[in-house]
Every structure is written in C-alpha cells, then in structure tokens.
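Data first, discussion second: the structure below is written as structure tokens.
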Amino acid sequence: MKNLNVAFCGVDFENPLVLASGVLGVTAASLAHVIELGAGGITTKSMWRDPHPGHPNPTMFGTKEYFMNAVGLSDAGLVKGVQTMKELRERTSAPIIANIVAGKVEDFGAIAESIGELKPDVVEVNISCPNVESEFGKPFACSRVDAANVTKLVRDNVGNIPISVKLSPNVESIVDIAQSVVDAGANAITAINTVGPGMRWNIDLRTPILSNKVGGVSGPAIFPIAVKSVYDIHKALPNTPIIATGGVNSGRDALEIMMAGGTLVGVGTAIYYHGDATWKKFTDEMSAWLEQSEFDNLSDIIGLFHKK
Amino acid sequence: MKNLNVAFCGVDFENPLVLASGVLGVTAASLAHVIELGAGGITTKSMWRDPHPGHPNPTMFGTKEYFMNAVGLSDAGLVKGVQTMKELRERTSAPIIANIVAGKVEDFGAIAESIGELKPDVVEVNISCPNVESEFGKPFACSRVDAANVTKLVRDNVGNIPISVKLSPNVESIVDIAQSVVDAGANAITAINTVGPGMRWNIDLRTPILSNKVGGVSGPAIFPIAVKSVYDIHKALPNTPIIATGGVNSGRDALEIMMAGGTLVGVGTAIYYHGDATWKKFTDEMSAWLEQSEFDNLSDIIGLFHKK
Amino acid sequence: MGCCNSGCGDKNIHHDINTEPRAFVIDRMWDEAENIKTFVFKGTLHSKPGQFCMLWLPEFDEKPFSIARDYDGEIWLTICKVGPATTQLFKMKPGDRVGLRGSFGNGFSTVANKKVVLVGGGYGTAPLHFTGKCHQDSGSDVTMIIGARSKNLLIWEKKSEETGFRTLIATNDGSAGVEGFTTHILEKLLHEEKIDLVQTCGPEKMMKAIAEMCMKKNIPCEVSVERYMKCGFGICGQCVVETGEKMCQTGPVVSAERAMTFSDFGVFHRGAEGQRKDW
Amino acid sequence: MGCCNSGCGDKNIHHDINTEPRAFVIDRMWDEAENIKTFVFKGTLHSKPGQFCMLWLPEFDEKPFSIARDYDGEIWLTICKVGPATTQLFKMKPGDRVGLRGSFGNGFSTVANKKVVLVGGGYGTAPLHFTGKCHQDSGSDVTMIIGARSKNLLIWEKKSEETGFRTLIATNDGSAGVEGFTTHILEKLLHEEKIDLVQTCGPEKMMKAIAEMCMKKNIPCEVSVERYMKCGFGICGQCVVETGEKMCQTGPVVSAERAMTFSDFGVFHRGAEGQRKDW
C-alpha cells in the first residue's frame, strides 16, 4: 500500500487531513479523539489571550447544502489554552496546529509568544476576526497592511515555529493578501475561512436563526470557492505550502484541492455530514485512488493541476 | 384564497416568482412555456447588440449543493433579440423583463435604446460582465463609478421603462454599489448574480470541469448570501424594490427573501432541482403559508424583517 | 397510539441533515412542582425516549432539554427554572412561539417482556416516564423509583402511578415515600428481585452510584450523561467527556460500563467556554 | 445479462442530481462505415435505450450522443464525424480518457410480447438496436429497417441480423437491400402485417414521414427529436421545440402525436446561439 504521509513546513503528517479550527476543539480530550479517529493532525480552536465570551445560541446550524456558524470565537483564554495544549501533547504525538486570534494588531504578539512557548508544530493565525480598532471593523484579513502587520508581529514573537496565516475568501483579491503575509514572514497559508457572511431567518418566528444575525458559510457549498482560492494562491506562490480548507466533503474533494495546491487539507464541516466516520472514509477513498494512480506518493499530487 | 400578486415598479405580476436571466431563455417559445408552468414573469437571457459567442461546453453542471456555470453570455445579437421579444409579446401577456449587457460602458446606450423600443415591462441591466476596457477587466458591478455610468446611460436611452440593475455579490460592499446605481437613476435592484467565481476540476482527467476554468456559483449554496444582500440593500434603500435572486429553492425560501426585502423573486437554478414542477410547487407552498398567516396580501410581507 | 410507533428509530441516525429550528406554538403548560413546569407543543420530533431537543427562545438563547413525551401529536418538555433561559421560558404563555430542533442524541434502549427499573431524580423522571411507557407498550414490567429532596419537589409520581408503573418514592426528608435516597430503594429491589435492566436519569452522582451498583451485580444499566451543549449535533465539541466522545451523539444515554470509562463521570463537567466545573 | 436489467429506469428521473462529468477510458473502437465509428467504454450510465449522454473531450468540447449499448459492463457510442468535436474524437486511441455524464432524457418505451418495427437512418440505427434488444429480451418480435444513401454508409445491419432481428435494408442507390427509402419498406409492412409499435431514429424529415404514416394508420409511434444541447438537463433552454418543451428531458424520444404538435418538427432546428436553421 502506498502511504498518505506528507511533510508540511518540515513537520510530518501521517495523512494530509487536519481538523479545521473551531470544530470539536473545546478540550484536549476532544482533539485527541479526532486523531484516534484517523485525522493526520488537529487544529485547536482560535485561542485568545483573555477569556472571550461567544454569542448566545443558536450559534450554528446546517442544511443539506451548507452550514452556518457565528460562534463568536468563544474561548476561556490563555490559562485554559496552555492547559489544553499541554494535555494534548500528553495525549497524542500527532502534529498540533495551534490557532491564535486577537482583536487588535498589537495583541497578536503576546498570544503568539505564550503559545509559541508551548511548541506546537505549527501556529495558525486567524486574521478573519474583525479588527476592533479599524475604521469599519473590517477583518484584518481584508487589509493587506493589517494582515502583514499581524504576520510580522507573530513571526517576531512566536520563536522558530512555522506560521500559517488563515485567510478569508471575502476579499477583492485573496492572492494579494497571501502575497503580503508571505512577504511579512508567513511560512504557509491556510485558505479559506468561511464565506460571506450570510444570513438566514425563520419566517414563522421572524428572527434570524443565528443570534448574531449573520454567520459564516462553510461546507460543500463553498468547495468551488476554496478550490479556486487555493489554485490562485498556489499559482502566485508556488513555494508556499497551503492548508487547503473549505467544503472538503470526500476523499476525492481532498485529492482535488491538493492538486489545486494544498499540502494539508483542513476538514471541518464534513463532520456534520459524516460524523466520526469522516476520517477513515476520506483516507480510505484517497488510498484507493492513489493505488490505481501512477503516483507513488501522495505528495506527488500537490499542485498537480499547475504542472501541465 | 388569498392571492399572490405583487406590483413592481408599477407593473403587476400574478405572483412574485420570475425566471432568472440566462436560464431557459434561448427562445420565445421557451420563455412563454415557463409562464404556462406558473411563473409570474420571465427575464430574458442577457442580450447583446452584436452576436456574442459563448464558451465551449461544458458550460455548466450541478451537484446536490450548488450549480456552476460559465456560459459566457452567448447570444445571437440584436436581430434575434428583437425577434424573440416580439414573438414573446405575442405568446404571453405576462410581464417581460429584458436583460441587457455590453462589454464597454458606452455600448449600453445602444442596446438600451433598441430594447427600450420594444417596450418590455422592465429592463434589467447585467453589469456583472467584465468591463473589457477597465484596467483589470473587473466587472462594472465591482466599481461604483462604472456601475453608475452604465446606469445613467441606460436610464437616458431606454425611454420610460423601469430599469433594475443587477448586482454581483462579489464586491466589498454591495450596498455601496446599490446606492450609487440608485443615485444614477436605477428604479430597482436585482440581487444577486452568481457567487465567486469558483473552480472545480475532474481529478482523473486533470482538467477544469468548465471550459472557462472558473464559473459562477448558484443554487441553494448561495441562498444565505442572497438573503443577506437583499436584507442589507433593503435596509439602506427601503424605497427601492428588489428582484431578490439567488438560491431560492422552495416556496419558503421565496417568502424568506421577500421578508428580507424582495418584491419579486428570481428563480433560476431551482429548475435544476425541481424541473417543470418548480413554479407550481413553490406558489402552492407560498399560498398555503399565506392562508395560515395573519396577512391578507402577499405584498404585506415585503421587507417584514425590517418592521420589528 | 403507543409511544413507540411515533418514536423509536434507527440508533445511528442522530440528527436530520437539516438542523434549522422549526417554529412550535406553546399549546399549554402547568406547574409540576416549585420551579418545575411542563410545556406542551403540538407536533412531533420523531424522537425516542432519552433523546433531547434544542429549545430556542428567539432573540434570547437556545438550550437542550430532554423530551418527556413525543406521541399522540404532542411534545412535552419538563423544565426546571435554574437561570436566564429557563426563567425567560417560564414567562411565556400558551400561543407563544419557540423554535425546536432535534431530536438529537442516543436514547434509552426499549425492551420487550422484561422487568425494568427506572430511577429518576429531578427533571430526569420525565424522560424516564416516556421510556417506561415504551417498555410497557412492549410488554415489559416497569418500576419507577422517584427521588427528590422533599415532597414539594417531587414530580410525575401521580402520572407514574396512573400509567401503571409500580411507583416507589424516596425523599431526603421523608416528607413523601421512604426517607433517604433512591439508591437505597434500588439496592433493596436488586437484592430481592430479578431485574433485567436499570435506567437512570438524574443527578450525576446518583447515576454513578447506581451504575457502580448495577455493574457489581452484573445487571445491565443505562445512564444519561448531560454535558454543556451548543450545537447538539456533533460539531462544536462542547459536550465531550474525557474519552473525547460527544454526549450529544454517543450520549446522552450510554451504558454504565461506558460511562465508567469517562474519568469525568460523576466528577466534573464543563461550562460554555470549556472551563472545568466540579459536580 | 439482458440489456434491460441494467437499463430501464423511472421515466421521470431524467438526470442524477450530480452532473459532474466522470472519467471513462476508451476501451476499443472500430469503423462502422465511412466516417462512422463505434467507441466502447467500460462501465455503465444506467441508461435505457433512446437516452443520450454528454461526451466531453477535455479542453476541447462536449457534445450529446445517443447511447448505442449500455449493458454487460460496456457503454457503446456510434458516432458520425461531422465537425470539430467528432473529428477530434476520431483522433483518439484506446486508453485515452474522456468525460461522460448522463444518461439524460426520455428513452424509447420497451414492450413485451408485441410486434415492433424499428426504423433507423444514419447513426440512429445504433440506439435503436439497443431498443430492439430490450424488446427482444421481453419477448417481442423485432423488425429493423435500416436506411442509408448507399451500401458503404450502412451500419449495424450485420449486428441486427446476428441479434435475430428481421433486418430490412433500403439504400437510395440500391447498392444494398431495396432501392429507395425506409419509408417505402415501412409502408408495405404496415399494410401487410399487424404492427403494434413503430420507433424511429434518423433524419428528421424521414421521422416526420413515418410519424404521419403511423398516425394515419393509428399505429403507436415514437420518434427521437434531436435539438442543439448544451446542458442536457433542462437548464440552458437550448433544446426547446416550438411548444417550449425541452428535448433533453421531455425528449429526445416523444410520441408521434406529440412531435406533430412541434411546429418545428421536420422543419427547422436551432444553432448554438439559438438562431434558426432549416433542416
């Protein structure tokens, strides 16, 4: 059997499927369980320095076609984050991607430093949170300058851990933002975060379904947007590895987005559709495809669409 | 039985569901048939002054969750357009929305004038086509200035027919664009055109599925984006009627997007999922809901979400 | 109509693929005890006993509640007022609308022609009653042990008797039934009779004591492990126990054996941000 | 395996909800006549006779073709070289990959224990053969009338005989079978024998003549109305006839009666931009 392992920023992953941030990420037990179920690695939910209350429920729901969430990045803060990270290291030897977030550019330094000390394998920087200080409350991910400044601060404070900056697709040009964070020191890109935001109401209750009124769209609905984003970024930055994320809902989807340029593949909402079976189902499908293909190693397919 | 009729820019529609542009719009026979099946009105496909070849096949495909197309706005040009419009008027008395397009700002005047002479009930202006003369080939719909200039030209040349400008959701602020086209003389807004573009490949053939490589995403996947766009536009411009379009896939969806601010409801991709039965299925569902509601007229629900 | 006709479905299908809340009207409501009310909605969630639903108070909050009845065209929820959401709910009136989604989670097993003992504490008695009704419909013999601190906090004991369950009561202060704990009654029963299955829903420390008791005696036992729930359908990770299993899908109802592998069972649970809280 | 085991499905399901093309390998191919080849792919499209599929030549174009066989693990397409896409296809070799999607559209009826006449012109004979095979498997008696301009353009006549269809040939120049048109043979047959069903696929003027003939004699008849197709599944509107009906879903196979309500039937069709083209 050909195996599925890939290397990402010098870190070995048994398979390229990593749990996306914010899904099943509340405790170390939960994250470690996902590895047991067959994920190649896990991403923690976005960790704040200080406790950050989320939105009241409902914070998420799904349909056949898409999933929406507005959790509000709830988190108990660094004390719990540190504890979770330590416990996670004890529970699993699989690679850990620590996702960090902050509400102001300058706050990214502190959280990067604290998390960097815990030596996760990769630090993922969530810049899709609205910058509380920017004029229109636009996410950092929408501004080349903000995005670059956040990246620099994290790069300077996190130690020698590879960092991947997580981009939003809801921008004029995701490639421009990717370029600017790579110029600012990002080792990798995670693309994409949720699409939108969108809005859904209940017509009988005449209330937005999500307490936050609007929420990010994920799941199969966004897969074409994710493939295009990954393809465009890989084309512009062929040497920057990508954690390709967004709507991956089968092993074939994972292969497709790797061929578009993903080295790792983030999987979140698929768990809504496939439950605990997600990981084994997808890796089995990938293995079967790889067996009948001309490739010896799964990593040979990374960026394949660009090689013709 | 309460009836479903609504008035839009002074035009009466037997029900608010109108065929979205580009779907089943090749001939007058096809459009008239959609009325027979129960649509309240129809929109022609985007008409050019000169013949415009589309992209080679495949130009579209669908999945459970979404639909993608890159037809390339193929059209036989004004001669056929005029003939189609005339034949359509003979075949049906239902309202006709004539959708027009051009590749340069100044070309919108000519097509608006020619189509205006045929007295469609509404002229819809598709500004989501890339401006062949702009620096980055960005669609007119992405620039406030271009969008306003197109609108002015159409307004000045089309005669006294109401015009609805069709907006793209793939912009920083759809509300800004809506505001600028209304300021420039648009009587209504159609929102939204397809989302993205997105990209999908076949991993065995290693070829993008659409010959154009990328294509617009429509269908249920984009409904939350459509609801949010319509909601935001109605909030900013409560007196501008909206042809609310994008992912409407049930009678309940139609009601929801009307409550968000739609006066008419564009229905395109739903036909992929429900076939010829689409119209009756959706209006039956709307009637049933209206019967058990406190409302006497369907038009009472337009913008309802803003009234609390 | 028997309760199981509308209810008991495939154990593996934990949720519909569409989890948008649907609107339901409060049909009626009544007091069960101090700070405990039952709310009735017309309709069905196609649930089986032991499953739960998410109850949404529009523009306020949404919380998980066990389903106390789901047959004959009615859904019942028996709810204890403990904080903001339940207080808000207690202010609502018949005719008011709420959102419900679900049913979610793994329910209690239903067995035919067996001798079953159910042990309820607090609002836990209500979903157990639903369970007992299913057992009864399948020809099983049902004993319901109901515990409370004192008589005025006892719920569902009359319904239990009326339904034809052998009903045994324990109150801490002896104001009704025997003085002491449900566990005392259960211990005696297990000693004197041959019991095929024990199911319990109530305070976790009580359930843990029962689980240990049953395991010692090799009697099959199921417990309902409630954890903080946000989504109810396996995505948020809020409800996981220390093995990483999600109580909104693998649970809330699990076997005593499995519950005993959760090092947090009867020891601690977690709050909205995942912070540890001892029971 | 009988052809209908793998094929004949619900008339109302015109397409899968997923219409992404899937990759198929050209297994083999052979010449049928000048500029006509049959291509074989391993696999199935779960089609019934008379349905079509979209054949995609990656990075070139995608076009509709009737399915000439879909059983025993093979898909056959019999294709005439007429323009860029078919010319490109004719350059391909076994082992090359193409995309297929479908099956799409309404197929021919299959009847049991009846006397059926099939009338094929050009590549139309191939899908009719598939149809005849289904009739035969259901105990019907099949006559196949095959027409061509001359002997070297005749296709599938040997297969027809081998399959056990009564096979009658007409060529314009008399180089094979009788000199003249398939309609002449049909007319004679209808006069001499009791025929239960006529099905035809070929040049539209021929099909129209046959439709009129059968209607006059009150014999059930089905024709295959081909129109320009982009999507194949009812969205683009490219394939509508003058009643507004879509030939990719209501057709290509429709009854003679219905076809005669299309004022364009046998008169004109439309090109890629919807422009009218006389037959």
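Going by the order they are written in, the chains are A, B, C and D; count residues from 1 in each one.
One rule holds for everything that comes next: contacts are C-beta pairs under 8 Å (C-beta built on N, C-alpha and C of every residue); 3 or more make two chains touch, one makes a residue touch a chain.
All values reported here derive from a predicted model rather than from experimental measurement.
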Next on the checklist: By the touch criterion stated at the start, how many steps lie between subunit A and subunit D on the shortest route?
Outcome noted: 2
Checklist outcome for this item: In contact with subunit B as well as subunit C, sorted by label, we have A
Item to check | Per Cα centroids, the chain farthest from subunit B | outcome: C
Checklist outcome for this item: Between the Cα centroids of subunit B and subunit D the separation in whole angstrom comes to 37
Checklist entry - At what distance in angstrom does the C-alpha mean of subunit D lie from that of subunit C? => result 62
Next on the checklist: Can you list every residue of subunit C that touches 2 or more other chains, as numbers and ranges?
Outcome noted: none
Next on the checklist: Please output the residue numbers of subunit B that touch at least 2 other chains, ranges allowed.
Outcome noted: 63-64, 200, 206
Checklist entry - Touch graph of the chains shown: is it line, ring, star, complete or other? => result line
Item to check | Chains that touch, pairwise | outcome: A-B, A-C, B-D
Checklist entry - subunit C touches which residues of subunit A in the complex? => result 23-27, 29-34, 36, 45, 51-54, 56-64, 67, 71, 74-77, 80, 84, 200, 202, 204-205, 207, 209, 211, 269, 271-273, 275-276
Checklist entry - Taking the complex as given, what residues does subunit D use to touch subunit B? => result 14, 17-23, 54, 56, 58-63, 97-99, 101, 230-231, 233-238, 240-246, 249, 270, 272-275
Item to check | List of subunit A residues in touch with subunit B within their complex | outcome: 63-66, 68, 142, 172, 195-201, 203, 206, 214-215, 217, 219-225, 227-228, 231, 252, 255-256, 259-260, 289, 304-305, 308
